[in-house]
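Below, each structure is written out as structure tokens.
Here come two complexes built around chain A, the first alongside chain B, the second alongside chain C.
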Partner chain A sequence: MKTRRQFILGAGGCAACMSGLAHSRVLSTDLYPLVDVGYEPLDADERGMWQAMQQIEETIQASPQRLNNPELEAYTGGIMEQIIGRETPDLRLYLIRSALFNASMFPTGMMVVNTGLLARVRNEAQLAAVIGHEAGHYYRKHSIERYRSLRTRTAAMNWFSTAASVGAGVESMSNYGSGSNWIYAASMINTAVTMSVFQFSRNQEEEADAYGISLMARSGYSLDAASKIWAQLIEERKASAAERNNRYSDRSKSALSTHPPTEDRMKDLADTARYLAGKSDQPASDRRAEWLAAITPHRAMLLDEQIRLNDPGASLYLLQSLAQDGWNGLLRYNEGEVYRLRGETGDREKAAGAYAAATAFPDAPADAWRAHGYALLKAGKVEDGRYALNHYLEMNPDAKDAGVVRFTMAQ
Partner chain B sequence: MKFPSVLATAFLAVALTGCLPAYKLVPAMETPVAGKHLFVKPVNQWNKLPPSPNQTPWDETWTLNGPLLDALGFVGGLPDGESLLKQKKKENRRVPVFHADMSPQDLVSMMEASYRVRGITVFDVVSVDPADFLGGKGLRVRYQYAPNNGITRKGVVVARVVDEKLYVIKLEGVASHYFDASLPEFDEMVESARLQ
Partner chain C sequence: MVKRDMPMLAILLLLVLAGCAVPQQQTSLGFVPITGRDKIIVMRPDIAVDILTTGGMLERREDWTITARENVIASLVAIQARRGAARRITITRTAPAADDAILTELNKLHEVVGQSVMLHKFSPSVLPTKQGVFDWTLGELAVKYGQQTGHDYALFLYARDSFSSGGRLALQAVGFLSCAVGVCATQSGGSQTAFASLVDLKTGELVWFNYVYSNEGDIRTQEGADVLVSRLLDTMSEDEGGRT
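== the complex of A and B ==
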């Protein structure tokens, strides 16, 4: 059987071993790192790219979008060291407040992970899969390969060099990569050139997937986590489109996409996970308890970022996924917010019901009481509404809207 | 053949220049904005932005130093059921729609959502207070946000629903200098604004 695998099999790899890997393009074993700690750029091309990237890193360090949270940074940095298997002074991970599902790797070892990704992953193994994938881009030197390829193909286009130095150097996790803040310059690339380059990038994405899953395998993470991320994302996008009576379409199927089609990618990762799991007798864990302990204190912020995108299908999918562990005050409050922001016929009642349910939980946030209060006032239940608003002010005496809430209560 | 092609180029250049939307100077005197009903008295001469394809009949924007640095926005009577953003059919994010019976919380959410649906994640409401506007009590909202260019912007909105229509004056600008520089004039304009 002919497979689409493009990388040389190591001593352990053989045709017979690949029978369970019909979809996989890249073998995860034998992908060794091409850079080590202390790596320095080798030539003028690479040095120029590094200088541009260092400027971007300084911008990110000072960006108001950066999530400066030492606990989360330490936690995500710990995952990185866990999968690399050593301390990682060569990799620097920044958390960025962007509601989009995305992570990016820069050629200098700077990794960017969006809060929109943290909102969606369900356990530590899934985050490890993303970090491993991005680290794969760095350790396999994808950026400089792509940069040189672009330069060769665009030698006649002087104006292009700046865009290429920024755009080509960044590898992005998202299938919506062009929407990322940091790689906007890539959109300046001439379409014809882009078409010829993006297939090259797809191969790199496949290699990074394979590299990432091999890192997970040796650090004891459940390997099926990588494919589950994509399964969740497909489900969410279907729910988002269905809500608007739109048809789900995978943009990464486009010839312009830098990424492999999402479903192919999911199948490849699942195949590889089964293959590697079959070769290992080590226990594997998704480390969900550790993930929940780290992320629960930030769940309110992460949900707020998603719900206020006003994509009701995606928001309800996310909430219902999280509620598989049981509803609580925070989730019910955000469910009410989805309905209130959607504002369709019947949503006012649905929102009111969700707020009422939220305030019955001991963990109901103060904002749930405010929303409950306003919903009661709209329903003509003035005394109950004032009681709820008063409860909101008691819980949050320094509320930013305390003035207008008191004004409303006095009416 | 050369001469006619030069002529054609010149003609095209003139035609294109004629098509370019232009800023218009707004005199420092009482003037109607965003329709015929809302009147304001600017102290400075502002520049009215040319209409954009996404602009609705109910909004208008001015600037003193360019919209990237400062912008003064007006909504002159948005009717119930309408929005200041256009909903694209293929877009799964919903643009916020105004309803005349919105609570203060709803109005703040609507204003915030108009930024969030356009990809702004870092958006903080600084304060929400009652405010005198157009002869009654309205809402004054202070906020700040981080656009994707990384330069923090501050904003203030004063809004009130009159006869089931939304009236708004909004100042927004780069947090360093430009917002604060125009805030006194904004406050004067809010105080002197009237409906006719």
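== the complex of A and C ==
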């Protein structure tokens, strides 16, 4: 295993010397859209791909996992128009309920953004950076390009294997040799071709990053937002790993990764941001106030999804970064939930402390009063516990568990 | 970009179903034959036709798919005319009086359940829990759909057909020649996989199921579509006369 990894790394290093650059960055100034509004594919392979994707889009439209929220859809759609600089009938953005940090682009102009991404970005500029990156995949026709490259490469690989089989057969018949050199040679070539598939994908990601940031530069968003997303993600993953007593390792450093290493992306985006900001005299804004106004009504749902992942390191990191604006009842309640779900020694007390702190804020959710009440009862503070549970019922008279809570209070 | 799962499925099916060209029929226990009074809705068939590339990937062909879908619908209409039963075929995605989301989900669910039936009932390694039973269902969603549309049964049809590209054919030829020197590097060609289910909309259960796997056939032609549809559905007409 070790020798193989060294071989791969060696090959990567060698490819880099040949190109004369350890790492070459795509220049955002070189990129222009390859498709316009109203684009319809003409080639048979692309038409087939669109047809298959349209079926997937129908499924996503009807999916129960879709977040059907007109305000958020209008808001994110507005960011898309802002960053593209015109109305965008060619792009369709779907919000999907998934707590994982991700967004994706389909060849037909369908963009999918996870709620897990909304939970993590800190301002409108950061979301615009992601949308810009995904739009880059669309306007640079990455899906069909990648498919065609894969089709060519898999065809070549199949020819190499077949030719090697024939060669091996001829050799073993004529010389009574084993023919294994043929098979070995073909497998070496095919390994190299396979690696190049991943390199191709990483190059596209770099191009999409560059495209996205150039869109941001034109639409007045602060350019450092793009690299900050990755800085936050690395910090979050370190916190998550530390909590589980693991060392943080970036999976995208692998030669089999479809995306470039996270740190490289962060640094490239920061460099490009400095370069572009130097050229522009436009005022730039991260539009944080607009972001907070749009996302705050949905914060409880977003935090709930994250906390149910039971990834305490990541969840606490997220809560603490949100609390940089000041703790509130919702954040404290969710902090308590993280401890409750983690369930290690001392976590019950930590959770109780967090619930108590939550109820001191005017925005404490009803569930915080419920959790606080039960924690007090467990600690033997019967009167205070009953008061808190009563407060819960007052706030949420139609609660599904109202009967159970009343029963507890009557004990 | 999402990953397409069809190539994997095709490989899996090749492994488990290689050689099974004979249609098999499976009905659930206690299936009461449909009478002329039952209202059956034939769902819009889920059809796709692909090119099998030199490297073994399946590439969707839009024009072939559209033609094949029209052909299969025409075959279904012809069968309906012959049988004269109270059936209706939904040509578009949207059936009247049913909400779009349910219809999309039902079709998707049928695809997954049907593939599961093929894998766990007809593959050489049948699941132990599925021996001697046939208890697949589309669940409450199908019941809800029945209530919305007033039908008793729904017939679902799923078909995938594929054809080798020019490059693939050339490679197949070389692979075939390689057998002459003792190392057979044969490459599979296109294939046809289809299944149909009759779903009881009062319970959601699959009451009848049949599949076809074949290395021949071509649903891009009307004759090819007729052959597929009759291989899939003809056994059901026997059920209508008596119990299986």
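In this section, the second predicted complex is superposed on the first by the 345 of 411 C-alpha atoms of A that agree within 3 Å, B and C clash if a C-alpha of one lies under 4 Å from a C-alpha of the other, contacts with A are read in each partner's own complex, and residues count from 1 in each chain.
As a convention for this text, a contact is a pair of C-beta atoms (placed from the backbone, for glycine too) under 8 Å apart; a residue touches a chain by one contact, two chains touch by 3 or more.
Just so you know, these numbers come straight off a predicted model, no measurement behind them.
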Chain B versus chain C as contact partner of A:G136, first or second or both or neither: neither
Touching partner for A:Q65 - first (chain B), second (chain C), both, neither: first
Partner chain(s) touched by A:G48 [first = chain B, second = chain C, both, neither]: second
Touching partner for A:K400 - first (chain B), second (chain C), both, neither: first
Touching partner for A:G336 - first (chain B), second (chain C), both, neither: neither
Chain B versus chain C as contact partner of A:I56, first or second or both or neither: second
Touched partner set for A:G212, first chain B, second chain C, both or neither: neither
Partner chain(s) touched by A:G109 [first = chain B, second = chain C, both, neither]: neither
Chain B and chain C contact sites that coincide on chain A, given as residue numbers: 59, 62-64, 179
Touching residues (chain side chain C, partner chain A) in the complex: 1-2, 4, 48, 50, 53-57, 59-63, 65, 93, 100-102, 104-105, 108, 167, 171, 174-175, 177-178, 181-185, 187
Footprint of chain C on chain A - complex, ascending: 44-45, 47-52, 56, 58-59, 61-64, 104-107, 137, 142-143, 146, 150-151, 153-159, 161-163, 165-166, 168-170, 172-173, 179
Residues on chain A engaged by chain B in the complex (per definition of touch): 59, 62-65, 97-100, 115-116, 179, 181, 184, 240-241, 243-244, 246, 305, 308-314, 340-343, 370-371, 374, 377-378, 400-401, 403-405, 407-408
Contact set on chain B toward chain A in their complex: 89-97, 99, 101, 103-106, 108-109, 112-113, 116-117, 119, 121-123, 125-130, 137, 139, 146, 148, 150, 152
